[in-house]
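The chains carry the letters A, B, C and D, assigned in the order they are written, with residues numbered from 1 in each.
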Amino acid sequence: MTSLRSVVAAALRFGKASPAVPTALDFERLREEIADCINGRGGDVATRARAAAVGSRYTAFPKAAKLRFLEMLSAFDVDRGAVDGALAAVTADDVVVRRAAERRLRIALIPARVRMLRAFNGPSGGVKFLVEMRADLLEILKATPGLQPLDDDLKELLASWFDVGFLVMRRITWDAPASLLEKLGRYEAVHEVRGWSDLKNRLDADRRCFAFMHPAMPDEPIIFVEVALTLEMTSGMVPLLDQKAPVTDPRLATTAVFYSISNCQRGLDGIGFGNALIKRVVHGLAAEFPHLRTFVTLSPIPRFREWVELKSEVKWAWSRDMATASMLREPLMQLCAHYLLEAKRGTRAFDPVAHFHLSNGARLERLNWLADTSVKGMRESGGIMANYLYRLDQIDDNAAAYASDGRVTAGQAVSALIAQPRRSA
Amino acid sequence: MTSLRSVVAAALRFGKASPAVPTALDFERLREEIADCINGRGGDVATRARAAAVGSRYTAFPKAAKLRFLEMLSAFDVDRGAVDGALAAVTADDVVVRRAAERRLRIALIPARVRMLRAFNGPSGGVKFLVEMRADLLEILKATPGLQPLDDDLKELLASWFDVGFLVMRRITWDAPASLLEKLGRYEAVHEVRGWSDLKNRLDADRRCFAFMHPAMPDEPIIFVEVALTLEMTSGMVPLLDQKAPVTDPRLATTAVFYSISNCQRGLDGIGFGNALIKRVVHGLAAEFPHLRTFVTLSPIPRFREWVELKSEVKWAWSRDMATASMLREPLMQLCAHYLLEAKRGTRAFDPVAHFHLSNGARLERLNWLADTSVKGMRESGGIMANYLYRLDQIDDNAAAYASDGRVTAGQAVSALIAQPRRSA
Amino acid sequence: MTSLRSVVAAALRFGKASPAVPTALDFERLREEIADCINGRGGDVATRARAAAVGSRYTAFPKAAKLRFLEMLSAFDVDRGAVDGALAAVTADDVVVRRAAERRLRIALIPARVRMLRAFNGPSGGVKFLVEMRADLLEILKATPGLQPLDDDLKELLASWFDVGFLVMRRITWDAPASLLEKLGRYEAVHEVRGWSDLKNRLDADRRCFAFMHPAMPDEPIIFVEVALTLEMTSGMVPLLDQKAPVTDPRLATTAVFYSISNCQRGLDGIGFGNALIKRVVHGLAAEFPHLRTFVTLSPIPRFREWVELKSEVKWAWSRDMATASMLREPLMQLCAHYLLEAKRGTRAFDPVAHFHLSNGARLERLNWLADTSVKGMRESGGIMANYLYRLDQIDDNAAAYASDGRVTAGQAVSALIAQPRRSA
Amino acid sequence: MTSLRSVVAAALRFGKASPAVPTALDFERLREEIADCINGRGGDVATRARAAAVGSRYTAFPKAAKLRFLEMLSAFDVDRGAVDGALAAVTADDVVVRRAAERRLRIALIPARVRMLRAFNGPSGGVKFLVEMRADLLEILKATPGLQPLDDDLKELLASWFDVGFLVMRRITWDAPASLLEKLGRYEAVHEVRGWSDLKNRLDADRRCFAFMHPAMPDEPIIFVEVALTLEMTSGMVPLLDQKAPVTDPRLATTAVFYSISNCQRGLDGIGFGNALIKRVVHGLAAEFPHLRTFVTLSPIPRFREWVELKSEVKWAWSRDMATASMLREPLMQLCAHYLLEAKRGTRAFDPVAHFHLSNGARLERLNWLADTSVKGMRESGGIMANYLYRLDQIDDNAAAYASDGRVTAGQAVSALIAQPRRSA
């Protein structure tokens, strides 16, 4: 019998084993170890140590072996017999009997593999392992949809453990560890970080950067947001990314511009943190800077072009010629307002960024022409960007209106665009 | 509409509201707020702020109002319609259909009140609130068994959030915050702390104290264990609690005596941390002190007298006369060995401390006469204490044997006691 | 030759050697090692390691051996030859030549033993060693005045290293390490701490305690002050030391009462920290609590009785009879006002506490009858205590007036006492 | 009268005032404030606040005004009258009288400006201010040698306050604050840091970087050293700076190569920290890695070319042609050995890096051909680098030999070079 000491030792090496293609026999042993973990053989401490050793081997697997492992794990499903046994009593007339039966049935309906997933949470980094395993799984899932139930379980478990109440908001400054800042640079998903001086500029005295951290993954940001403290609602990225722009005295700032928000962990996809982060930042900044009145985003419109092409069946090609671009301004701005206000999938906004802010209760305040002239910005939305406004006294109503029937609250400037008669081309 | 700002402000006052008996109208509003939380009205941030405000009011309630609140919360149960709808598909022949139906059914079987419980986990101390609410509930449950399903849900949620993998082991020394040490003194459940100098003695150079802490309750120990580093297996409490006893050089110690382990949070009753804590401490000490060979407890036998009285139907009265006591030594030690080895409830040891260590895989190594002569020690077990031995290379086998058929592994000294022919009285 | 490694190893044991009476030979070797340290043989690192080893031996010495060591160290004095050589050029006419000569002379006038004192400041606790050595020296000095020059040097060095600019002000709360709080209890010199609950009361929500710490002695407070945040100028110790007194909401407090200030390190006697601490605390509290208007002490008058006896040549005996005490009130309060306003040594107030606060720029605001009825309070001052008022806009003027001619600024209530015609006895 | 509150407020702005050319009147007021600080008007707290305000203005001065300020400060010199008064008694026959007189004279010889320098050490960053002021002064001194006495005083004060015993050794890793790493990159004086990936490579698992920090300047490194843990004595910079070189398992390393050591604070010039840092690192690494046997530098020879040109009166021009270079190898290596062993200024090695390591007690172990082919390396020493070996059991003897008569201890490989007959050119 493997001694506890040796499996614990193995656990401490979590993720450091050398990669190797496992044999059929290896898989057979892994299946036995999974079964042992699920049955809790040797007690809880031994089970977690065993799970850590399994996890350590998994981490070193090549992709094909990972797929096979996940399929093997997925096969530890609901115990049909137990379910059938519990089903009978659920229809009992007696309430107390029925309540107990419901509970028994619910537990019987938890697939056995969930016990394995929980066992990975040991003293040496198991949560991070699960997040990384889910990142693998999401990749594998594209070609292997049969693993969807395993992903459902894993997502449900992570959603409970990464409950927003457990996240700690941390301000990130230039005094943060270089290793953490390096990760921010890598995870930034909206406006690419072009080196350390760009990053430093984004952490200047008139900027704020806040991240959610989780105690079980102390070195890994979960999500972060970048904010500029300014004297007016910013209409484009240029002053924000200009490393030589003068620094505003933050105590005088009236406006906080949320110009970038990035999720960091692929393995936490679909578990929403952004709403909570934005609102906690808004409250924190409002308390720190009494002159702040306006909380607004400067956001991309990532699927505008895709939607235009979809609807018009023409390819979209931007002119580099300013005269042409200038001529396009009015019709494109109108079209974009139409897109953001009315393009839907069911009651959801077609544009994912719009959906995010609208469901948070923000108002579509303004559109900005040639606001993001990066290659990505031009390709996705012709350089147009949107300001979404967060007014604390209105977000509940806005969110409720959007949630019930997809109604978009828009500012004057946007409404005006759509009210205009379209000019003939 | 209550603005987000005001409910968040209320949340920040969590637990500080002044106590007041709520009216029927108050309860009606509370019921609406619970319903709003469960429906997630206004989105997640608003929901948690609302829940924090509800929690704040609950905390200030007198006991009767707490009972009524918990009954009200408990009434938000499973949605029968949703369950019935999901039940049908569970018996489908198609596996994919059935799997999806099982999942849907399982989710439908989660009582609505669980969403309220989760909503309490906000940015201002919700986890601690839930632990305290469960402590209330356990108290109330004695007279109101109908709340058992609510407790089942709350315990299940806390067990997931207080998963051992999230606990951080912290060494407690005399340099720890006085506020934390004060709590240890209050929570110590085995050998009462008789003041600060007693506590300091237990944190001396030849002692170790380790606690599990949870990141969401940073000031509250969950469980802690007290260890003496000695040159031999200790046979009584006197040298351990003697503040004038000479201090052993811990680098020379061969034996670690675990002489006290105390759970600190009533609201986490039934969620086991002791096994994991003992084993993590054993591993940690073994790594730090290479001369340590023996890891052993010095444990009370809390229900020995109760069992003797139960079996013999006579009242147990200790003689203060040493001659009499001395005459009793042999028969009582034999009886105690019999009790620990053979007194069972089903396959579990009758004695709860014995059950704890035996299910952890420890061996019943030795009994010690007049080892705890405190009032409590004499009353509960005639002063006898037990040493349970943790040998890392045997605990898995021992635990398995005990788990399967209640078999107790015992050391030579204990076996010898029971093998002796009983002397005639 | 002693290897560096071994002396460094010895240094790491600083202060842990077992006590032993050194022989004449030991002293001879010590003298050589002191000489080696002064000459810097083997370079700076070797010198400090050697000094640490010397210090380690010193610490273990009995008192007589310490005296002999200090005498030996003291004998490493100014090099007369070097001084004489430098003296000549000091009278040169050429300024540049003279300036250089002055500098050379000044350095020649530094006794050799100072190089030894500096060498003790190694990587393993040398500063604390020097502070403790000076505490020894101050004790020894009483009977051995010939060591005064050594004390002058040591005090000068410590005064430079403990420059107020290096001290860090730290707020002490009930969350501070128990080991630190234990020291506060021991060092409290004004109002004896009567156990942990007394101490906890002094750290309550309406109290503040601040200490100066030095980076080179991180576990040792240098000086600390205890403050009560109240609604009025407190007139006696009873409410401050009453553990059951209701707690004031500190945000409403208008008055900060400094009721105790204690130096902690005998070895730093004569190096003043109190003035800086009080003023830094006043500034800090003023910034934190905008309603605070009055910063006042409640201070003992420790030498009032001594002065009365000195002047009157009668023994002072307090009546325990309240009627008598009451009759004494008026004349004693007048006498005390006279004492604090006019009793002098040169231009300094006779009373040391009065001198301390007056030289800080405080105003003698009020006298309080039966304010400290502890044995010590009654014995020293008949229970009378004084309030000294710190007004930030007046302290510079007050301090200047007191410094120039001993003029005491007093409040109305005190002036009134002294202005009254003395009643006939 | 300036209130304390306002000058303290000014102090808190330390270094943030806007630059402005001061008028003659400004200087007159500054002179008065310096005089007030020296006289301690208003007490110590007021004095330091006033000094901080003066410092704040100085910081904002343009260079010419700084010069004038320093000259003004320098003029507060020794009080000639006090010196003359003290001089008389120094020649007294009575020892006690003479000792007291010596002390009085020594104190009288301290220039008044030193009291101003000390007053800058306030609660808001005064030490850093003094370090920066000395950096200014060293720059100004080149053209204004009359300020040398002021620099002597300032250096003496800083040398006492930056005593090696107060420095804290800190390991710098990739987890250090980016702001600190940015400074290391800027301060690296030996092998230029070519960006963040170069820096990260130098902090890899088989590297160590240690800095001395001072508690009064917590964000500023004083000096730092870079070490590679290797399997052999490294003979060139290429593998050390190659970001793609494989990482050695540090637990297997036998050799620690100190390849860069840089002082960070111009204002601390002439106060030596390198010797202590190297030896503390050697001890720390020896304790952490038991396989480490060899502690050796890989050092530049910065003034080799300068010396060759000085001696030979020919200009040195490196051939980029490898054949030529190869032909030069033998004579140049011999010449370099000769340079390091015998080129002297008095008893000091001509080469400053050689002098540093030799006075620390290191041995000149080996010369390495084409070890540093950077532009700087080729220009200064034809690419040759030296290994200096630190053997703990020999450094005391080596240091003593070098200190007494400049004798250089050299390894076999170097001695062999110099023993060879020079080939004819």
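As a convention for this text, a residue touches a chain if its C-beta (ideal position, glycine included) is under 8 Å from a C-beta of that chain, and two chains touch if they have at least 3 such contacts.
What you see is a predicted model; the values in this text were computed from it and never measured.
When every chain is reduced to the mean of its CA atoms, the largest separation from chain B belongs to D.
Chain A and chain D have CA centres that are 49 Å apart.
Centres computed as Cα averages put chain C at a distance of 36 Å from chain D.
Computed centre separation for the pair chain B/chain D is 58 angstrom, with centres defined by C-alpha atoms.
Under the contact rule defined at the top, the touching pairs of chains are A-B, A-D, B-C, C-D. Residue ranges of chain B in contact with chain C, taken from their complex: 174-182, 196, 200.
Listed in rising order, the residues of chain C touching chain D in the complex are 1, 3-5, 8, 41-46, 48, 77-78, 83, 87, 90, 99-100, 102-103, 105-106, 109-110, 118, 120-123, 126-127, 149, 152, 160-161, 163-166, 168-169, 215-216, 272, 275-276, 279-280, 283, 359-361, 392-393, 395-397, 399-400, 403.
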